[in-house]
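Taking it in order: structure first as structure tokens, then the write-up.
Read from first to last, the chains carry the letters A, B and C; within each, the first residue is number 1.
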Amino acid sequence: MRFRMTPRETGFHDLFAAAADNILTGSKLLLELLGADAEGREEIAERMRAAEHAGDDTTHAVYHQLNSSFITPFDREDIYRLAARLDDIMDFMEEAVDLVVLYRIDELPPGVDQQIQVLNRAAELTAEAMPHLRTMENLTEYWIEVNRLENQADRVHRRLLAHLFTNGAYDAVEIMKLKQIVDVLEEAADAFEQVANTVESIVVKES
Amino acid sequence: MRFRMTPRETGFHDLFAAAADNILTGSKLLLELLGADAEGREEIAERMRAAEHAGDDTTHAVYHQLNSSFITPFDREDIYRLAARLDDIMDFMEEAVDLVVLYRIDELPPGVDQQIQVLNRAAELTAEAMPHLRTMENLTEYWIEVNRLENQADRVHRRLLAHLFTNGAYDAVEIMKLKQIVDVLEEAADAFEQVANTVESIVVKES
Amino acid sequence: MRFRMTPRETGFHDLFAAAADNILTGSKLLLELLGADAEGREEIAERMRAAEHAGDDTTHAVYHQLNSSFITPFDREDIYRLAARLDDIMDFMEEAVDLVVLYRIDELPPGVDQQIQVLNRAAELTAEAMPHLRTMENLTEYWIEVNRLENQADRVHRRLLAHLFTNGAYDAVEIMKLKQIVDVLEEAADAFEQVANTVESIVVKES
């Protein structure tokens, strides 16, 4: 009979993996949004809300486990930060979809598709990375790549702002609506980077 | 003669209770704002600024006590977070009132009254909850209810945004001004939830 | 032969001093921006981007050192917070310059020069203060003065918003662009205050 060496590590890892899988689901809904008509968008917003609620439950489970555990697999503050930033990603993605529906956006400006593709790539990498927290191996590539993606998202975002404000195709009210949406998508990209930085921090401390 | 068992708990509890009472004062000023004319608003803004200064003093007293105490009644990070988020609530409420005066808002859009009523209810619950940190009892209702209120605030906020942008009653500059005000009120609601989450975290650790 | 008494303090202090010096460079670029023509602005934005990259490297070096050090000169959370908030200052200053170029701003509204002068003064004080973290002496003046500067920045910022929205000189799209720039400069002022509060927290704990 072999004893499990690290019972204390159970729970948190599964919850972080679940949160990241849920985010991947959300980022695929963003991709679907790009080609959807008005009716399709409503239905995507509904599924996004469900994903966001599932994310809230996972976040809450992490906090509960954190507060009731005497021993944790990594620093308490890192666990807290990781859960909070994963939750932020989901919130921002849900907000973006909801705003598209709420503001009855006709057409998303060129560049939003690139923002969403970057988010989708970051979501894939994050979902692949979370299970590696168990062994703390093969995570360097992940955080370097997510940092690179965030820089890319930042450039796309600033080009989008310049496009909205200076090409003369939009009136002021349209600019406001679209700016809010592209800003929220940029916040999602930032939150992916913060997740990656927290993972880096966890790994370096253990090494 | 009985000895007080937990002398270390004095100070912080009184400061958090004072911060929450001050927030309740602020939320009542928001309610007053709803029916006030231009002159009344100026006077409310003045009293709000005074409340915000009082809040700053309390926050600073918590930080000072935290930094100079060797033993604290709960986790240092939780104390820091609780004080910082209580301070945020007051700042957002003060900012909202100041913007109404600064932008010479004629009429607040329908729905702002609901935002303010939710904030007022959250302030009442928070002021009732703080004294319970001493015994850590009877706090579950509080944080569940504040989380529910924040969800309600979120729905009211999004309906307000849809109203501002899509009903055609406002020009772009008016939308910008009003949006900033309703966004700040929503940030206050978020901060109440973060206070409640921190309280939950403190209680679960102790249980 | 004398032994160095506090070898553990090396590294972090030099990194924080480097971050603050870099911020001072950034704030001087903001001052240069005030009098620059379109071509000059592009060149200033380029140098600002370089400063921001240098800042990123310093922040990353702090995190790396923090995660790989068993003993640190102050609380780990304070080190993390100090590095993160210094990084924020640089990011906000870089963003402000980039937006001026991106939005092809013709003329900055009166009051932006005061915002930038306040930031420059805060940068000077921060750069002077960082080397004092080694001895923890002569820092009281610094954080009191930076808090005073932030209050001043706040007043300038609100006056600027009132000017943009109520003097009738700007159309809605111009207001949006200029508001984003003055908001980012205000965020930089807030971040200076958060750096000062973190320094206060470090010093009080050690006293």
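Please note the rule applied: contacts are C-beta pairs under 8 Å (C-beta built on N, C-alpha and C of every residue); 3 or more make two chains touch, one makes a residue touch a chain.
Everything numeric here is computed off the predicted structure, so don't read it as measured data.
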Chain contact topology (line, ring, star, complete or other): complete
Rotational angle, Cα trace of subunit B fitted to subunit C, multiple of 5°: 120
Classification of the subunit A:subunit C interface as same or different, half of numbers criterion: different
Mean-CA-position distance for subunit C and subunit A (Å): 28
Subunit B residues counted as touching two or more neighbouring chains: 77, 172-173, 176
Subunit B residues touching subunit A - in the complex, by the definition given at the top: 77, 158, 161-162, 165-166, 172-173, 175-176, 179, 197, 200-201, 204-205, 207
Subunit B-touching residues of subunit A, taken from the complex the two chains share: 63-64, 66-68, 77, 98-99, 102-104, 171-173, 176-177
